[in-house]
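What follows is subunit A paired twice: with subunit B in the first complex and subunit C in the second.
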Partner chain A sequence: MRNYKIKPPQIIILIFLMILVLLAYVLQMDLVILFNESLTKLVMNGVLVLALIPMLNVGAGMNFGLPVGIVGGLVGLCIAVNFRLTGFFGFFMSLFFSLVICAILGWIYGRLLNRVKGREEIAGTFIGFSMIPLMNYFWTLAPFQNRQMLYPIGGQGLRPKISLEPYFYNVLDNFCLLKIGALEIPLGLLAFYALICLFLYLFFRTKSGRATLATGENEAFARLSGIDIGRIRLLAIVLSTMLAGIGICVYAQSYGFIQLYDEPLSMAFPAISAVLIGGSTGRRTWIFEAVLGAYLLQTIYLLTVPIANEILIPEVTEILRTFITYSIILYALLYRDKRGISH
Partner chain B sequence: MGNILEIKNLSKSYNGIPALTKVNLSVKAGEIHGIVGANGSGKSTLMNILFGNPIIRETGGYQGKIAYAGKSLQAKSCAEVIRMGMGMVHQEFALLPDLTIGENIKLGREETYQFTDRLFGKKLSFIDRKRNDTSAARVLKKLGIDVDVGVKIINLSTNTRQFVEIAREIARTDLKLLLLDEPTAVLSKDDASNLIEALLGLAKDGLGILFISHRLEEVQQICDRVTVFRDGAVVSQYHKGEISVNNLARDMIGHTVQLANATKRAMKTRPAIRFQQFSVAMPGEEIKDLDLTVFAGEILGLTGLSGHGKLALGYGLMGMYPVAGEVIYENKKIDTLLAKTNILKGMYVLPDDRQALGILPEHSVAENIIFTGNQVKDMFSRNFGRSFLGFIDQKKAHRYVDQVVQDFSIKCSSPKQKLKELSGGNQQKVCLARALTVNPQLLFVAEPTRGIDISAKEKILNLLIDINRTKHTTLVIASSELDELKRVCDRIAVMVNGSIFKILFPDSPDLEFGLALAGEEGTYA
Partner chain C sequence: MRNKEPADKLFKLEHLVPTVFLILSFVAWQFSGLSGTFVINQVITRFIRDGLLVLSLIIPVVAGMGLNFAIIVGAMTAQTALLFVINYQLEGARGILLVLFLGILLSALVGFVIGHILNRVKGKEMIVTIIIGFLANSLYQLIFLVGFGTFIPVVNKEIILSRGIGVRNAVDLGMYRNTIDKLWLLKIGDIEIPLFMILVVLLFAGMLYYLLHTRFGQQVKAVGSGNEKAEIAGINVNLLRIKVIILSTVLAALGQLVYLQNIGMFDVYTAHMNADIISCAALLAGGASIKSAKIRHAIIGIFLFHTLFIVSPQAGQNLFHNAALGEYFRSFVAYGTIAFALIINIKHEK
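What follows is the complex of A and B.
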């Protein structure tokens, strides 16, 4: 944070964002409402972005295997809904279940990644991909009892979209919602986000956290200094996976639905795009970069929808989104390779 | 013979900070022109300009005139310069690790089968491996080394890599000027003199050579002319015959150096550590069945040609490579060699490759100094919450770091400055400071003065002597700089083929060292 430099991707994104805001103004959209929504979107997706940080900082690259943690979180959510837990109790129990499951999944995932050192990103992508069909079996066969989760006909197998309306929909979003005229600031939600940021910040100041940073920067150095590299990497990967579990719980309570089956597949990419927009180069990443990136990317998503609907055909929104997400990742990969040569 | 290279009034500045001011320099065909200067004196900037490094244009170009082979040089890229017949050997290696020596040397200029030449054209023709390899071997032989050209680069020691790198340049038939940036820095004395022989031969054939080196004896030995740089300007120029190491050193740093020198002692105290039948499987630096006893409180030098295992001892001790044999430390056998437990027992290793293994370049000076002490011994942790949390007691750490920075006179703008911004000498001081923080009884240091300029070298050596005398730390210094070891050590062990060949004393005659290094039993009266 102390030596944050603004780089071309941020400049491009900022310009794009300004154009969008200007367009929204010209099209007479309600900017205040859009701003309110941008805050919710930030936290809704932001935790998933934060989940990338431990792995980036231990030198394991961008966590393309984020779906592993997301799937763990989804199982946690399903368990909470199965027992019809509602309100804050329901939400926190789903967090609890998610953390337990993600810890186990993360441990397995970490053991795998420790065996493919140096190629974590591509291995993670495929571990994430192979997790999905495996979990599809689970979703159809797992003995969940709550009728509201199951297919209405046949009564077996989970629905692709489970509504959280009767359980803990928007519990965080509406907690301590500060209303000043049209301006709505979700204080509770932001506080929860800040808490996770604080947790990460404190983690990197602990002994293990410092060892994590040192391992990411110079593994041989860390080894010579008596650090157990395998253990530290495992710790960072488990932490990443657990944060992803929390991330999807926050996302679901905001969105209102648990999305199963193929949905988690594509969720890693916007998160990775966001952290890159924030200024990360695939190595040490500051919390500030993750927050900034999440805000910029989500606000752009948020603004493109109504604007594209207004001036273009509606379907173009999804195209634009996907285009932005993937091209940012591509840009970052290009940029990183260039750095590699000049050093 | 005429000038191949002529530089007139060359100036260059980075963001307003001058790096070179009004430099005049020329290189004749068949001449070896030496350039010496302390770190940051502008040598690398000069190289970058000559070799068309894009960084020069990106930072605003240069002023002055450069004529190459009679024409004005306006290099836009390295490729253009190479086409004009200039070759450069970098400090960092630019070799393809997965190709063999032969393939690397002949890359882009491969020997091909004539038949397929005609069939598919030169570019798509099949490579004649045999002819390729023999021609590569011939070039290597010219440099005086004998290796199997079928070996992959990745399996070579740094020493051999340097030779391959040079071989690749001189294998070119169109070469007119060769720029050598510290070609002997990573070489042992013996290999360095081999290389020098080869360079003299090349110069005789009419090649112009620009030779940058920290090793002043070499410069004195081979250069026809020497230009001394200080703070970006030429301070003096000498012709062959008037070159003296003392003058060069004085001109480089602007004053004379006080050489570090320790009084010699005969140490026969209790053994601090004993190695028995110790082997380390470090590629390119293997140790085989080594037997060595290090006495408590002594300074033991470890020397040998590179590739003979002097660097591997410390790494093996820290469990970086597979080991075999016995290590007895303080009369107890150590079963498994783990960095953490060994540090706790009082051993510490500072590696030779400072940039890759020895520092955290992006971390601050302070963080580097306290890192190991905090991780292994919880020296700077707050007490609450037991050590697994281990938040740093900032006050305690600050006090300690400030003291160390002062004691070691580490030059930095503040302890918060990133370590990568410091000079090599100061980085080495930070490494030593980090080692001393854990208060080791036994300290292994490998190549402590590599890549450090002449005045900082003596400071580091004095620091090592000081550590030994005041803290009674047993030191094992692995180095290829024999004259430095002679000035500092109580005993010097010479390694040949991965084990101790002979243990000599600093006052042993040079001849004896020479023979021992070559692995030959001398006969003296």
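What follows is the complex of A and C.
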């Protein structure tokens, strides 16, 4: 948080955001409702952004293999739905299952990434991509029993979109929802998010957490001070994967559907671009940066939808989103290496 | 020069991957129940369609830049050239020549830009080329879905969506379809061999082979074996890397044109999708690694990879009564091959 400086990309993003807000105002859209939604969107996507921090801080770069954790979380969600667990119990059980599965997946993923030190990003991208068709087998063949999850015809294979409506749809969103006039503040949701931030903050205060930071700052020096680099990196990668699992659970309960098959494929990119907007340079990243980035990016996403519908062609929203996402990632990759921060 | 021990390991790997693919293809073919002639005909078609795209990957690998996923941008420039020419309704030889000219010009320009970008991120080229590919795809969609009819005047009303803005999903290439494909068609039994197109692909392969053995090729190899060494030898490394990328992008653009004229239908927004992944996987299947690639890897790779690609859905259908499982298998093979190559190769570096 010290030396926090606003950099050119953030200025551009802020100007863009202000133009969008202005446009929304001119088009007489309900700004209060948009603000309410922006808070929900922040937490909905924010945990996935937080999931990137441990790997960034250990010096393993941006976690392009986020889908590994996401599919782990999806399996957890499916198990909870399979047993028809509802309400808070259902949600927390899905978190529990996700954490167990993600820990295993994260361990394998971490072992793989430890072999490709220095090129984690490209290897992570393809490990993540490979997970998708592999998991498609699982979604098609796994013996789930709940009829509401399966294809209506044939009864084999999970549906691409499973509704959470009868189970734990919006349990967090609606918990302690504070209403002041039209303003709705999802206190429960924000508290859950704050709890995860706090957990990460405390983690970096522990001995392992400090070792993580030291490894990210200067690996040679960390090794000299007796830190087991391989173990610490593995820990950070497992943590990152587990947080991604929690992230998708929060996302699904907010969105109302479990999205399977090819859906997780490109979920890593918006998260990475969010953390970069927040001010991360692909190295040491503060929690504050992840939260700020997630809020800025999600608000832009949110505002582009109605505005594009109003003044342009509907498809523009999605294209603009991807365009913004990838521009930011590309910029960060170029900028980072120019300053010679990277190896 | 490489010392002996890693060279031995590479040698083994070079044979291991194609062998695995050969066995997989054979097993999948047995289960698919498809006739041999059908598979051979299909593989020959794919060889023509994908040949140049796979070949375009070789030089960047030799130059030590890894797999150039940005060939997808080359494919998009070819499609851009094609759409502009169709928009102005130029037919016949004049149209084809203009497409070629525009395609080469655009892809050379784009290659120049990508080359510059990659010079700033030495050692991380692959992840950057992937992001460049995604970004270019957004830009491409923006131009054709939004730009056409708003900023770009529409001459040919047939290719535009009914709302007047944006190009249709599919544009018919009737006037170009199979113009050169059926040239010198050789028939042996039920197997059709379009000799001309095979020769075109082989010609390009020969040209690449020749190029790699000229002075330029020696310089590329020198750069590939280490930037510092090359610089001591007096090679302008940055300029050479830009040339390499331009060459790769132009080849990819030509490759995409061959691909499109062979298919005869032009899916404006999806024709280029996965061209990079499939081509890279095919090259690796032939025994290439991200450090070394030869012409023969490309040619063997296309045959092996596409055989597996053709037979696996049907094999999935017969084995599990679900064709989708075969589809998953082949996307897993495509992504998995690249992931495997990355993990194995980086380990070997040390």
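The definition used in the following text is that the second predicted complex is superposed on the first by the 340 of 343 C-alpha atoms of A that agree within 3 Å, B and C clash if a C-alpha of one lies under 4 Å from a C-alpha of the other, contacts with A are read in each partner's own complex, and residues count from 1 in each chain.
In this text, contacts are C-beta pairs under 8 Å (C-beta built on N, C-alpha and C of every residue); 3 or more make two chains touch, one makes a residue touch a chain.
Because the structure is a prediction, the values reported are computed rather than measured.
Contacts of A:159 after superposition: neither subunit B nor subunit C is touched. In the overlay built on the shared chain, the residue A:211 is in contact with subunit B alone; subunit C does not reach it. Contact with subunit C, but none with subunit B, is seen for A:323 once the two complexes are overlaid on the shared chain.
In the overlay built on the shared chain, the residue A:284 is in contact with subunit B alone; subunit C does not reach it.
Set side by side, subunit B and subunit C differ in how many residues of subunit A they touch, and the one touching more is C. When the shared chain is aligned, no partner comes close enough to touch A:231: not subunit B, not subunit C. Within subunit A, not a single residue is touched by subunit B in the first complex and by subunit C in the second.
Residue ranges on subunit A touching subunit C, taken from their complex, read 64, 112, 115-119, 121-123, 125-127, 129-130, 132-134, 136-137, 140-141, 156-157, 269, 312-313, 315-316, 319-320, 322-323, 326-327, 329-330, 333-334, 337-338, 342-343.
Within the complex formed with subunit B, the subunit A residues making contact are 202, 205-208, 210-211, 213-214, 217-218, 220-221, 223-228, 284. Taken together, the subunit B residues at the contact with subunit A in this complex read 318, 320, 338-344, 349, 351, 356-363, 367, 371-372, 374-376, 378, 381, 387-392. The touching residues of subunit C, counted against subunit A in their complex, run 66, 117, 120-124, 126-128, 130-132, 134-135, 137-139, 141-142, 145-146, 163, 165-166, 320, 322, 324-325, 328-329, 331-332, 335-336, 338-339, 342-343, 346-347.
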